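There are two complexes below, and they share chain A, which is joined by chain B in the first and by chain C in the second.
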Partner chain A sequence: MRTYRKAYPLGWRIMDGIEAAVAAVWPRRLSGAVPYVMVLPAVLLVLLLVIGMVQIADQSARVLDTSTFMPSADYRSANYEQIFNSGLYWSILWRSLLGSVIVTVLCLVFAFPYSYLMVRTPSALLRKFLLIALFLPFFIGQVVRAYGWLIILGNQGVVNEVLGLVGVPPMRLLYNYPAVLFGLVQYMIPFAVLMLAPALTAIPEEIESAASSLGANWWRSFVHVVLPMAKPGLIGAGLVVLTLSLTDFAMPAILGGGSQDFIANAIYDQFFRTSDQGMGAALTIILVGIGSLVVGIVFSIFGAGTLAMGRDRK
Partner chain B sequence: MTIEAGIEGRAAQATRVAVSVRNVDMSFADFHAVKDASFDLEDGRFLTILGPSGSGKTTLLRMIAGFQKPSAGEIFINGKPVSATPPHKRSIGMVFQKLALFPHMTAAENVAFPLKMRRFDATTIPERVQRYLDLVHLGGYADRRIHQLSGGQQQRVAIARALVFEPDLLLLDEPLAALDRKLREEMQLEFRRIQRELGVTTINVTHDQREALVVSDEVIVMDKGVIQQKAPPSATYRTPANAFVAGFIGVTNFISGKVTATSGDAVSFDVGGSEVTGTWAAQGPAPSVGASVTGALRAEQVRLASSEAELSGCQTTSRGVVRDAIFEGERLVYEIDLAPGTLLRVFDHDPAAHKQFAIGDNVAMGWNARDVLTFPN
Partner chain C sequence: MTQQPLGKSIVIWTMVALVLIVLSAPTIVVLGASFTSGNIIQFPPQGFSLQWYAKIALADDLRSAFVRSLAVALICTLISIPVGTLAGIALSKYAIKFERTLQIYLLLPFTIPLIGSGIGLMLLFGEMRILGQIWPVGLACCVINLPFMIWAVMASSASLDPDLELAAANCGAGPISTFFNVTIPGVMPGIISGSLLMFILALNEFLVSLLLTDARTVTLPVQIYNSIRSIITPDLAAISVVFIVCATLVIALLDRLVGLDIFLKSK
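Then we have the complex of A and B:
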């Protein structure tokens, strides 16, 4: 036995060692519990989040006493009333929601051809290039990228200098709504591509050949075959982009320059500038509520099964 | 012979050429897939392109369908060159290897798809879809989703979808390869029935030699990108054009040796000390003495007995030791030493009627010179 063992690679022998060690400390009787032990960390993390949410909900119903700077001892609805009665918060809510919908649509439109090309191209070189171009932004981080856009789009930025060369006067390209949306789209496209690519890979090329031989030109084949079959990927990618944009902080803060706040910026202000924790908590609850509502609506329309989860899909 | 003459005579009435492939060549970056392929296919005939994987048969089919453009040469469908026509403008129905049915549609929607894409009169579509579902015996399954159908039923939907718009040409890209044997044989007969019923010109691609013989009016055998032979099934089997065709169809023993004598078509050659006489089957003159040749002898053409005396009808007899005897139900397969290093595979199709041999028995084998088709080596 011992002489055989030497012939196996080191990796195998290490695995055997680990197995033996686990067998020594973990009785065989308990092996049925192993899967539950393995999901425990994830369950604990979610549980912590739930506890935090309960606390935030509790805070959101306590109103800050401006004279003592202490939260009220009893529950009041004043924070929520203030939010719903103030035009400022309505406009922030509307801006966040509209912005995230626009960003989602644009991301899906731009990401679809990108993923399609990445999945379908016969050239390994092009595929590698597209993948690198996709992952490179991930290494840079959101804040640094936003500052990059400040340099490029600023009044003395590269874009305005180039435009100046052809005689166009400097334009204000920053600190407005389109700049925030632009930054968000640029930030979210890789997420959308990564979510779409597996869905497009799952569509056999033969299906498109079949559509073509049955008389569909590329447009009809796209509308009647590729798009419906890519629906799970589109919904998954859309949900990820929508929730990430809705809750985004850095892009509105940096590219919006304080004039284009999303909900997360308003929450930040309440927690860390005005120190009105109750108000911040109330805004948080509303944000979580809107996000859950949107995801709930999408699931109830398309069904969770469209995300290709569940076992009876073929 | 009379049955085969009947089968081959039936389709000979049609004379109009439906598909004409002229000097078609296809090269990929590092692979010459199809080399100078030419053939004509008459209207209403069922052609099978048979070959091992990598023989270029699928590439040839994909060029006819329009998914690939030939590097050289031209393909004519009903007399018109089609190289510049994209697939969706050709009138070709195709059944794909993995069927490529649309999973988000019902059986009826799948069949209606080509009619909608080709802008058929919308009011006639439901009736037509039903007629073609009936044709493939799926009349009651119109509203089933694809994943609710069995493998055989999915095959039938794919056939209906490829035929419903009455294309000039039906292409079958090994659609039966994934089925189990029983279902595959059932579907082969089904393809044949539907093709005869509609009279649609059909090109089938397969690596299954049995399927090629069963379904086709004509068989093209391809190897390494080159068309080796185009002939009706029985001719492909009986008179293969070369050793490759002889070996690819049927179970064939190859016996090689140096020519010792020739007389007309008869070629005698030496196989490890024993002399075998065969019939020269290749084009061109018979080989000279000393040339290296290969004889192809079908496993079912060899007769076995305990002694040579019982093989009086055979022109050539030899002795050998049974190395293996395999019971396959309807037949027994023997492997017998003919000469050192040359095993002969022999079928006994009615084991109960003959004496059975065991491993180690020394037996007599006999065959006729016309059954040893001899080719240059």
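Then we have the complex of A and C:
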């Protein structure tokens, strides 16, 4: 008796009810639409960003009237003209671009051996250690990490105190360009390693053995075999690091101390210090334009690399 | 790695050691500074005390900022789980028209700079008159990190054998019970790793919080940022340790539930 009652438990009956209800409101012939319904919420969420960008574009064409402190009602291009004619914004732009390229190169150079060792080591313990050492700073957040660097590099900081012990006078290690770049590299390395690692996993170890058994030394097999095969990972990692450091706010603000502004800091100042929304919005549009241009160029030359979100085409 | 050449090992280990030092230095120094018994942060540290922890435990502003950060992270995660899971499964299982366009569209949160996303949402939320509340901050954190969730689910979904779903259907399961009994358990590792990632990133989110919060709704990273600018005291180190503890917890959970190795798998 008991087995009979258990043979069709309540949970199944509820499930049958749900199935029948869904089948009633969603006939089978509409099943082709299912994937579109499934991506719809994500599309709507991202739409918020698109609407926000439209708002910024709208603001960017309104010029602040300095007598009434009201943005103009009609569209003008004065904000953009002012940016293009001002040496200040060109130097900020140049500083951000140059900085993000340097940071990207350094990140890729140092992230590569790290991911390589992490992927290839036979020791599960070492792999776990490397992963934890990577995730801990990644999960701690930018502000806390920058705060750590303030303690280390400050005038009474760890580095200067240690240098003082050997008789070196205190140096100003903070609030300069190298400090910002250093902070950015430290911030970006986890991103780079995590983008690189799957691409390195995909390279069979046997190929390297084959190269070395054919007489290539490790450097040649690295340059001619591993590096070309890791290209999708390098592109993905490079793009993420490049765009994130180009648009970063916290590191220039905290480690640059106001003297090493990147574009994001200039935008923030326009919105919250000068209260010239139109000017800030125009700067934002220019930054988005540069960012998209960089991504577009890299995508069209190298493909989407590991950033692709589609199905694997078999 | 069998019998590596010596030169290669030296190069790799030197660079890895350098990276390890640079990655860990801020964490270690913040931890050390939080236990100082002095009134300023000094090196070498002056004695050991828990006085700064006692001080932050009594600071209402810091505690409520932390509670708000937790709320933001929770809201972000709760929104991202259904949205990211459905999108991830759909993208990896079905052939969708305009797939490339959709991919580029869904990557917008990563390609639009954070300052742009933040200011755009600030203008939009301002117009909708919902600024000054907590939930829009959580929603914003969800939007800007959504690709992480979609990626995580897609990675699990791609390794799921489609025959399993056919087998379930063959045994008489309808599409809904197949989805909940076969597909969802199959992509669970992706859902878990994705939602932990969303949680910790929202807990730490700084720039978007800075733009979307005011003095009454300030989150902990913004609170720390505001205090850094005036003066560096050891209580900031103690409150920063809260983040270190949270990060450690999330890493332990990730390792226990799905294994950290999941991030090394190739798609």
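Rule of thumb we're sticking to: the second predicted complex is superposed on the first by the 271 of 314 C-alpha atoms of A that agree within 3 Å, B and C clash if a C-alpha of one lies under 4 Å from a C-alpha of the other, contacts with A are read in each partner's own complex, and residues count from 1 in each chain.
The criterion applied here is as follows: contacts are C-beta pairs under 8 Å (C-beta built on N, C-alpha and C of every residue); 3 or more make two chains touch, one makes a residue touch a chain.
On a predicted model such as this, the values are computed, not experimentally measured, just so you know.
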item: Partner chain in contact with A:Tyr89 - chain B first, chain C second, else both or neither; value: neither
item: Partner chain in contact with A:Met229 - chain B first, chain C second, else both or neither; value: first
item: Contacts of A:Phe249 with chain B and chain C, given as first, second, both or neither; value: second
item: Partner chain in contact with A:Phe191 - chain B first, chain C second, else both or neither; value: neither
item: Touching partner for A:Ser213 - first (chain B), second (chain C), both, neither; value: first
item: Partner touching more residues of chain A, whether chain B or chain C; value: C
item: Chain B versus chain C as contact partner of A:Gly148, first or second or both or neither; value: second
item: Which superposed partner A:Phe139 touches (first chain B, second chain C, both, neither); value: second
item: Where chain A meets both chain C and chain B, residue numbers; value: 217
item: Chain B partner contacts - residues on chain A that touch it in the complex; value: 204, 206-207, 209-217, 220-221, 224-225, 228-229, 231, 314
item: Complex interface listing, chain C residues touching chain A; value: 1, 4-5, 7-8, 11-13, 15-16, 18-20, 22-27, 29-30, 33, 40-44, 79, 82-84, 86-87, 89-96, 99-100, 102-103, 105-117, 119-124, 127, 139, 142-144, 146-147, 150-151, 154, 158, 174-177, 200, 203-207, 210, 221, 224-225, 228, 232, 236-237, 240, 243-244, 246-248, 250-251, 254-255, 260-261, 263-267
item: Interface residues, chain A side, partner chain C - complex; value: 15-16, 18-19, 22-23, 31, 34-36, 38-39, 41-43, 45-46, 48-53, 55-56, 59, 109-111, 113-114, 116-122, 127-128, 130-152, 154, 156-158, 161-162, 185-186, 189-190, 194, 197-199, 201-202, 217-219, 222, 240, 243, 246-247, 249-250, 253-254, 263-264, 267-268, 271, 280-281, 284, 287-288, 291-292, 295, 304, 306-312
item: Touching residues (chain side chain B, partner chain A) in the complex; value: 65-67, 86-88, 90, 92-94, 96-98, 100-104, 113-114, 117-118, 147, 161-162, 165, 171
